[in-house]
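Presented sequentially are two complexes of subunit A, the first with subunit B as partner and the second with subunit C.
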Partner chain A sequence: MNNRLLLKWKKYEAVGIITLRHQFAYITDLLLRSVFLLLILYIFIQLWQAAYQGDADAVIAGFSLQQIIWYLVFAEAITMAKPPIGAKIEEEVKSGDIAVRLIRPLSYVGFHYMSYMGEATLRFFIHLAVGSSIALSFMGAPEFGSGLAALFMLSIGAFTVAFMLHMIIALFAFWLEETRGLEFVMQKLQFTVGGMLLPLEMMPEWLQRICAWLPFQTVLYFPAKMAVAYDAKLLIPYLAIQWGWVVVLAVVVIMTYRTGVKKLHVNGG
Partner chain B sequence: MGMYALEVQKLTKTFAVKQKKAGFKESVRSLFKPQWQVKEAVKNVDLLVKPGETVAFLGPNGAGKSTTIKMLTGILHPTSGDAQVLGCNPWKERGRLAFRIGTVFGQKSQLWYHLPPADSFELMSRVYELRRSDYLIRRDLLIERFELGAHLQTPVRKLSLGERMRCEIAVAFLHRPQLLFLDEPTIGLDVIIKQRIRELIAELNREEGTTVFLTSHDPGDIERLCKRAIIIHHGGVILDDPVDRLKREVLKYKTIRLKLREQEQQAMSFRMDGVSAAYEDSCTILLSVDTNVTRIETVLAFIVEHYTLEDVTIEDPPMEEVIKHIYASEKANLLLGAEGE
Partner chain C sequence: MRKSTASGTLRYLLTCWKLNAAGAMEFRLSFFLTAGMMFINNCIWLVFWGIFFTKFPVVNGWELRDVMLMWAVAAGGFGWANMLFGNFTRVAAITAAGQLDVYLTQPKPVLLSVLASRMSLMAIGDFMFGWVIYGLVGDHSLRGLALFMLGLLISGLLIMFFTLVANSLAFYIGNAEGLAFQVFNGFLALTTYPTDIFRGGVRIILFTLVPAGFISYIPIGLLGGIQDSFLIGALGITALVAGIGIAFFYHGLRRYTSGNQLGIRS
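And now, the complex of A and B:
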């Protein structure tokens, strides 16, 4: 039995590794994208410096200027690391390449999950490196303490929740021809109520209460906030909320997939 | 497992296709009141294939070949009908069946584009849960057979189509499938590579007893590789015969395309039994040869003697022609009250 599980794991691990290696072919593309990060961070540094009136000791909603910039670095690194799963699945359905995936003794969702994680890993570290070098040169490094360890721990769950959220929409491609509209809405929700542009603490009370009940906060807010303002008391609850959402969303993904795959019309010769 | 590798009864697949007329007004109307038309891609297909058989599944584009293969591999759910593939119901037991079948899609690559084929081999050994030592022996055997040694470390995007197809087929054989589905494996390849690929598949069929189920719209694919041919048209089976008989009765026509050097020669007409000629343009003549009446060699010898040639090619009749002949001979049989075998 154990042996069987090991073989199963090896299979999905191999998918993750090969995707990661495949991504190295796109490394120039990734580096070019990170130029955009440079621009964004530069603008926000200017903006926040104005908000803090250049006072390095000022604190807004519990964050210092330095913390808020590093928060942005981590949130952006995660956002930009997320592979375009929606576009990929839509393309697989449109071209009929989905056939090649479905004939394998491999779960379709499992394949895409491992492939997503493999790709996200490389992208995350590249964007993290670029973002950090900018923040470091403008702001210097704060005392992270255990924050960086928490960041990595929470990133796994963060990418998993992100995968599930986008996968649900991506799977609508089994019925709809276009999923980009939904994808757009999902992305903007993460930018706003997910806490990418602003930590949730900076939002009005009523909105914060709504956000607490949504899965979006677990993707960007949890890891980025813990990285810059580590709080040992919050680590376990954050992990629990994150993986709780993973379970709920996984059920939705699997149900959507099972219904969709029966409806699927595989295109092409 | 029963005595059949493939057992298919009344397999049917219908699609609802949205109909839309041209124009903006029609686009808006279709948004609110879509018009659906039901298209029968496959209707009432019955098939029995024994283990180790080599079957060609032929038909023109859009005949329902790929849809049938997709149902038999469990990718598509049929509208009605039943199928047993190696004793499994493909759409209910797709995962279990997947370990025992192999597939090659001529128009879809299963290799990782930016990585060398060696990496795809490695991944497949994991996906099919092969034992390490078995995998290495198997891989080396296939590399040698398919002459892939030189290409194994080259990124797939840099391989020629022929080299890539050899890799695709070798990868499909890696887990020793009992049944191999080949969907247009030779599409777009040149004649020599087509022939080589057919030989390789035939060899592995002989040695390992792999059942081969091949779709193609190239009649040439069946002669070297398959013992039995099933022809499907408009979603239904119209012929299921040994290839030998098919060759004798339906594929007996060959087309010779002559390109002449000088224009004045067109005045010469062709008078030979079983040969009819048509001009494509002033320099090109198409000869349709009934090889049961006159051997192709005889015709060629005559041509070489009497014409100054620019170029000459011998072609199989296109699938559409073959189907026309089948319908024609069926009608003749009906008229004569003749019974099929």
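And now, the complex of A and C:
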């Protein structure tokens, strides 16, 4: 029994590793594209320096200037690392390639999850390196303590929740074919209530209460906040909330997939 | 003769725009969804700024109203340029794919023909957004309206011709699509942050090499009371960037070697 599970796992592990290797072939392209991240972070550094009036000691909503810049580096690195799963599945449905995917001896969702994680891993480290380079030169390195370890621990759950959220939207392609609009709304929700542009503490009280009940905070806010302001007491609750959302969203993904795959009409392939 | 050529070109442009609009309205639902999405996208950025300014009411002299007008001018300018001349972001792709041939065979100015042959649906949302924000926080006097429209004109022309320069690199380096897209995205990003957060050399660059500052400073230098030096600079740099864009395109066009792809304009 254990052997069968191990063999099954090996298949999915191979998908992740192959995707990761595949991504290495496009590393120059990835580095070129990350130039935009440099520009955005440079603009944000100027903006927040103006907001803090250059006062390195000022603490606003629990964040110093240095912490807020590093928070943005981590949140942007995760955001830009997320592979465009919606566009991929939409293309598979439109082109009919999904027919080939469905007959393989691999779970459709499982295949995409491992492929997503493989691609996200390389993209995350590249964007982290690029973002850190600009933050280091303008702000220096803060005392992260155990923050970096917490960042990596929470990042696995963060990418898993992000995958589930985007997968639910992507699976609507089985009915709609066109899912870019929904994907767009999802992305914007992560920008705002997910805490990409601002840590949740900077938001009004009422909005913070709403955000606490949504899964978006687990993708960007949890890892970025813990990296810059590590709090040992919060690590376990954050992990529990994150993986709690993974379970809830996984159920939704499976239900959506099972219903959707029956409705799917494949043309070509 | 010259007059009839000009009026012929204008008639041609009007026909292009009419057909583009009719084409967009063929897919009404998609049209409204796409335009609405862009509108929502811009609104979300204003939500960010709204929250930001509750924590920091004034940032280097800028208030929320200034940032809202900056977004109105940038999005509105981008909107009209992309509605009427929607191919300015795609010149590099069209060139690299050898699809310019079809425009070269027509008895109309090539650049105008290329630019006006596409209407971006998303841009209509941007254009509407500009006017809604103007309606909410702009100066509604006749003078205020005229200044806002001048702001939109400067903004649209600068975005279009700066992007055209980047796209025309395709004539010289081949596949410039990725680079042109990065330049375009970067330029747009710079038009939507208060100019006064930048200091020193970067600020000089924003008013010279990468003249995004002439768009982002419009709420202060034009709408908030005309600063002569800013207005003269903005008009001058717009004319200069337009001139460079057109010259760069036509100079590059002489190097264009076409593909062997057969194509027709539908």
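Convention: the second predicted complex is superposed on the first by the 268 of 269 C-alpha atoms of A that agree within 3 Å, B and C clash if a C-alpha of one lies under 4 Å from a C-alpha of the other, contacts with A are read in each partner's own complex, and residues count from 1 in each chain.
Definition applied: contacts are C-beta pairs under 8 Å (C-beta built on N, C-alpha and C of every residue); 3 or more make two chains touch, one makes a residue touch a chain.
What you are looking at is a predicted structure, and each value in this text was computed from that prediction instead of being measured.
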Open item on the list: Tell me the contact category for A:Arg258 with respect to subunit B and subunit C: first, second, both or neither.
Closed with: neither
Open item on the list: Looking at A:Ile18, would you say it contacts subunit B, subunit C, both, or neither? Reply first, second, both or neither.
Closed with: first
TODO: Mind working out whether A:Pro105 is in touch with subunit B, subunit C, both or neither, as first, second, both or neither?
DONE: first
TODO: Tell me which partner A:Phe36 touches in the superposition: subunit B (first), subunit C (second), both or neither.
DONE: second
- [ ] Based on the superposed arrangement, let me know which partner A:Arg209 touches: subunit B (first), subunit C (second), both, or neither?
- [x] neither
Task: subunit C residues within the subunit A interface of the complex - done: 30, 33-34, 37, 40-41, 44, 47-48, 51-52, 54-56, 59-60, 178, 182, 185-186, 189-190, 193-194, 196-199, 202
Open item on the list: So in the complex, the part of subunit A that touches subunit C is made up of which residues?
Closed with: 29, 32-33, 35-36, 39-40, 43, 46-47, 49-51, 60-61, 178, 181, 184-185, 188, 191-192, 197-198, 202-204, 207
Open item on the list: So in the complex, the part of subunit B that touches subunit A is made up of which residues?
Closed with: 15, 61, 66, 70, 73-77, 94-96, 98-99, 101, 103, 105, 107-110, 112-115, 119, 122-123, 126-129, 183-184
Open item on the list: Quick check: in the complex, which residue numbers of subunit A touch subunit B?
Closed with: 7-8, 10-11, 13-15, 18, 21-22, 24-25, 95-100, 102-106, 262, 264-266, 268-269
